[in-house]
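The structures come next, written out as structure tokens.
Heads up, the next two complexes both have chain A, just with different partners, chain B and then chain C.
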Partner chain A sequence: MLRVVLVRRELGRRTYAVLMGSSAVLSILVSIVVVALASSMPPQTLLFKVGESYANLNTLRYFSTLTIIGLGLTVAYSAKLWNIGAEGQLVVGAIGATAVALFTPLGHIPVLGIVVGLILASLLGLLWGLAAILLKLKLGLNEVLVTLLLNYIAYYTADYLVYGPWRGIYVHGYPETDLIPQESWLLRVYGYSFSYPVLLTALILVVLVYMVMKFTRLGIAIRAYGSNPRAVELSGISSFRTAVAAFVISAALAGLAGGFELFAVHRKLVPGYKIGAGLGYISIIVAWLSGLNPLLVPLSAYYVSGLMVFRYVLQIGTVNIGDAFAQFFIGIALLSTLATSSLARYKIKVVRS
Partner chain B sequence: MEPITQMLDNVFSPLTLAMVLMVLGDIVVEHSGVLNIGIDGVVALSVALSFALSLTTNDPVLVFALVVLAAIAVALVVSLIVNVFVASHVLTGLAVGFACYGLGSIAALPHLGRSAGVHPTLHWYWVLGVSVVLALAVWYMLYYTKLGIAIRASGNNPYAAEALGIHVWRIRTLALVAGYSLIALGGAIYELGYIGIWSQGLGVGRGWLALSLAIASMWHPLAALGITAVYSYVETSMWALQLAAGIPAAVINAMPFLTALGIVVAVHATPVKKRVSPPRALGAEYFREERTA
Partner chain C sequence: MVEEIPVVSVENLTKRFPGVAALDGVSLEVRPGEIHAVLGENGAGKSTLAKILYGIYSPDGGRILIEGHEVSIASPRDAMKLGIAMVSQRPQLVEELNVAENIALSLEEIGILTSMKRVYEYSHKLVERFGLDVDVTKPVWMLSYTQKQMVELLRALAIEAKLLILDEVTTYLPKIVKKKLYGILKSLKFEGRGILFITHKIGEALDLADRITVLRRGKVVATFTRGSVDGDALRKAMFGERYAPQNEIVKKAPQRFEEKSVLNVEGLVVLGDHGELAVNSVSFNIRRGEVLSIAGIAGNGQRELVEAIAGFRKPVKGRVLFEGVDISREPPFKRALMGLAFIPEDPFKQGVAVDLSLAENMALKLVGKMFITFEESVEVARKAIDTLSIAAPSVRTPVGTLSGGNVQKVVVARELMAQPRVLVAYNPTRMLDEASASKVRRMIRSLADKGAAVLLISEDVEEAVELGDRVAVMSRGQIVGLFSAGSVNVEMLEKLMAE
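What follows is the complex of A and B.
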């Protein structure tokens, strides 16, 4: 009888890159065809609009945030630790930043207030992640489920604050805090929604994370932990500490991104789902599209950011269908990446049994 | 008689039935070892689709049938990627989830602003009866039938299950199809029996809620019935609670997630873990050709 089996294989780096690149381009083309069929817009108009979105500098606003979070996640995922709680870690980060800017005198001191706010944001993100990894290592809880639950607990913490004790005086009853003092604003580039400090931090972090993962003892231990925690232990490095480090790095960077979102984009605390806005989940996709290579994270972040901007372009009559199509795009892009990377890892063989 | 019926209608509202269906569906899927991250997308899709279909066809049976068919299609995609391509359950779930959010909105957006065309009236006895019978059926199926034992074996140790002659991928596909059908029915009842209108993003987060209720009941169908019924009652009387006791909505919303976290931690920190534990291979990638290695 004939049987189909999968056999593991290793592809060359170049072949792999070509394969993944063409899968990314192909999924955009497939999505355009689907949108064209569903919306009766001509495909060439859509193609033009997609190109326009990628050329739009507003992509940099999403690019910065997604790069920062995505970089952190590559660290955790390299250790095969499933932090899917970036969304919640981002939200608690934003809460921390608000606390500094709005409720301490530091909020009125330029630069220092922002720096302290960002440190607190990272710290809160870190603690939110620390809880999850300790529960996994000490009690054996599944970190996917714990981080998922913590996301919603973070959402509702922010909701509690903006509907309750932190609700602003000048907000006409809207569930949000007052604006933070102008001294704590990270200025956006005039006419655009991105800000240089955030962009610069993201680019510095790319190099930093790459160096740490490639050249330091910790980075190598983290990558080794991903393939075999026991081997890490046998080489004299604490596997417990390695796992905790990998996880909290990812959580702290998500918290930092939350701080940046607050100082540069929102400038006030809003309900949880509005701060998170799914960026934490989309960053998971960014991390995996990069193949967990820190140097490729900017590329995959850019790929996704273009789609995020495309959302606003796509409007039919008075109905904005952009969100729906962007979500569909992102889903299809990740699905085709998953299928392609499987085909790269496994050879399909027909055998006689 | 009138006030009593009204009270019972409040306690066993269509929301209860919808949530019970979603939670039971999730339990069936996860007992087979497939980590059900796609649940939120499936719920959002079935909510949007049932709304759109109720306005294009007026036949309730057809609406429910088509929504279930769509969910089965999604289940087959998940099964293909998880079982055949041996990809990560989390990523597959996320990707499918995103695609489903998008597809659902695309289907429902043209009808934005209208109210659903089908309104099944679900009296308390229907809600109570169907919920109890379904929970008992799922419980009996999982623990007392050959199929259920095969499902749980695939979820606890797929390698051992395969060695005993169980086709793990077949069992997991079956569990996905059955589970997603239940989840989709839940989504449709949530929309048509409880909400009645649609706006973008409706139903997003409902799936995670069902997942957290399944965790809180430690994946046991009968515990799930109790916990879900209590939670749904609290949710429907949220505004009353807020007025009467001054409990903020955010606290009530966070409750299922906090409870789920508390219960999993408590179970894992105490010897109870030996008796009730989550499916041990939940979310583990299973590569069949390595089963002897």
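What follows is the complex of A and C.
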């Protein structure tokens, strides 16, 4: 009798990237077939739309944000600390950026205002994460639950501000602040929704996070913490500080992404769910698909960004298909890629028995 | 004599890991009613062989025959179905379940609807049959290590295994328990079962085995029958060119110690895992250049004592002074930074980061460095590999994939290379083969000769006497005797330990 068994194996970065790349392509094909069957849309149209989405420069708008947040999450996840709160950290980051741009004179000073706003955004994100990791380390509260709940607190804080004290004068009753001064805008590339400074920061951060994780004692300690906090202590490094560092790095990067979202995309504070827009959640998938390798984060971020653009392409395209189908499509694609990402760690073998 | 069909025979078994052949054309057989020892140094491929027979690894080449029929073993479940059971160094029990429930898990024919009453009766019978002291209704997490290993053995016996594989099971067992285990193994042998006994200890192989197969670097060096071989011949076979008779370790004359002590332990009281009194008011001091050995049967508070000194367990009373400074409240990493090195009990769970490479584990302790280049981490790893001849395919290999002895070597190397002023070592050599153990003893002695204070916990009384300037005996959480090494012998100490 023949049987199929799975054997665990070690994967190099390159092999993993190639495997995941092919798995991403396959997953999209699977989605195309499923959605075509369910929606009576011709598969070649869907295929064309997907190609169009990935070729569209607007992917870079999502790519930048997802790369920044995804990078941070790989840091926390390497320490086996599960920060599910990037969404909330992003929202408080955006609140911080708004505060600087709208309510301080810095908002009218080019460059400096933006830099200070981004610093405050990162700082607020960091504090949001710090609260969660301290609750875990000091009181033993599960960080997954805490960060998840903090997301709602962040959402409603933003809502309170835009419905209440920060509601703008020129907004015709909408729950949002006034636009921030033009000096605080990060300019987008003409005709597109992405912005060079954000993209550049994301790419610099890829290298930076990689270097920190690979070539500093802190980075090694963060990864060591994931497999054994005691080994970290024995090496003369505080495991407490290591865990805090890993967590706040991830939270600060999510906060930074929130600041960028505000300066480059929204340019005013809107209700929490619109600011977050699920970017913090989908970054979890970005981090996961990268195999927690910072150098692969851009690849997984690009894959996910393409799907997000595809969603809009489908909605505004000539083909009349509901957003539900688009989300259905994305869900199937991501689910199959995630499934293969864990299967990739195994070798399939056929044995006689 | 009629040629019996072997319980198991392997032919030309080969297993490669990236960059290394763990097994290279290994052939051997275990006959019914035979205890067959597989002897070899750390990383010789012994455990790989065991894991293949138990279906954890799949071989790259060769055949396995069970009672003459070729089989393929893809999982431990397959192995159990074929009548193969394995007990390894680390118990694999479900901690939340009780003993009987754990036994029930391995019983295929019992089915999920069998009444627990039958399971309890069956478990009881097993316990009685082998005269073990285990309460089958106790949850496993409440048991001591020794008891857990006994439950593992019961589980193996419950399936009436034809072949029992024991992979370095004696490492953590106290002497008395070892004797009991030997008794059980001999009775199993008379029932006609085959036993594959994997060890790195020459003495154990000689005591117990009918035949001994020596493995070196994945190859069979020779198979000896009982009575036709002595320790020296086995040593030569195990270590090959590395074999060299060692001189005795020379200690400094005791009067040369400075009076000021480096490590002071004052009235330490420490609780065990289940809140019991593990260390009951222990005091001692260790001077510069001195080794204090604590001998004793495992489970008498030694582990809790060293954990309290290293900072991983809070004492309820008492103080630990490092060069006069009270460090009782400092976290472990601060103690490490002050120059206190610690070799813990379990290198996997307490010593290394298993997912990280050998190089990264070593680089972690490059104190004072913020940036570590790839070259630096490779250099420190190479140094460790060379000093302790660590068998690793490359410095990038995840440490968790190395054999137990080699992981222990990584911990020893990392802790000793930091040039500590105090070393606290918990049975540093018991996972190591003779050549490596001797090397580690020499390193510890020379560390002391350079001025460090060493606390050595050892279940091996001979090692305690050989290395220690003073030898203490610990029993039921207390120091029951303290002697200078010249004034004491092994027999005296063993008597005191057993009291």
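As a convention for this text, the second predicted complex is superposed on the first by the 299 of 353 C-alpha atoms of A that agree within 3 Å, B and C clash if a C-alpha of one lies under 4 Å from a C-alpha of the other, contacts with A are read in each partner's own complex, and residues count from 1 in each chain.
As a convention for this text, contacts are C-beta pairs under 8 Å (C-beta built on N, C-alpha and C of every residue); 3 or more make two chains touch, one makes a residue touch a chain.
In this text the structure is predicted, and so the values were computed from the model without any measurement.
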Checklist entry - When the two structures are overlaid on chain A, which partner does A:146 contact: first (chain B), second (chain C), both, or neither? => result first
Checklist entry - Is A:173 touching the first partner chain B, the second partner chain C, both, or neither of them? => result neither
Next on the checklist: Quick one: is A:325 in contact with chain B, with chain C, with both, or with neither? Answer first, second, both or neither.
Outcome noted: first
Checklist entry - Is A:335 contacted by the first partner chain B, the second partner chain C, both or neither? => result first
Next on the checklist: On the A-aligned overlay, A:227 touches which partner chain: chain B = first, chain C = second, or both, or neither?
Outcome noted: second
Next on the checklist: Quick one: is A:191 in contact with chain B, with chain C, with both, or with neither? Answer first, second, both or neither.
Outcome noted: neither
Next on the checklist: Tell me which touches more residues of chain A here: chain C or chain B.
Outcome noted: B
Checklist entry - Taking the superposition as given, does A:105 touch the first partner, chain B, the second, chain C, both, or neither? => result neither
Checklist entry - So which positions on chain A get touched by both chain B and chain C? => result 5, 7
Checklist entry - Which chain A residues qualify as touching chain B in the complex? => result 5-7, 38, 82, 84, 135, 139-142, 144-146, 148-150, 152-153, 156-157, 159-160, 163-164, 273, 281, 284-285, 288, 319, 321, 323-332, 334-335, 338-339, 341-343, 345-346
Next on the checklist: Per the contact definition, I'd like the list of chain A residues that touch chain C in the complex.
Outcome noted: 3, 5, 7, 10, 215-218, 220-221, 223-228, 230-240, 349, 351-353
Checklist outcome for this item: In their shared complex, chain A is touched by residues of chain B numbered 35, 37, 41, 77, 81, 85-88, 90-92, 94-106, 109-110, 112, 200, 205, 208, 211-212, 215, 248-251, 253-254, 257-258, 260-261, 264-265, 268-269, 278, 282-283, 287-289
Checklist outcome for this item: Residue set of chain C touching chain A in the complex reads 18, 58, 71-72, 74-75, 78, 310-312, 331-334, 336-337, 342, 344, 349-356, 360-361, 363-367, 369-374, 398, 400-401, 414-415, 418
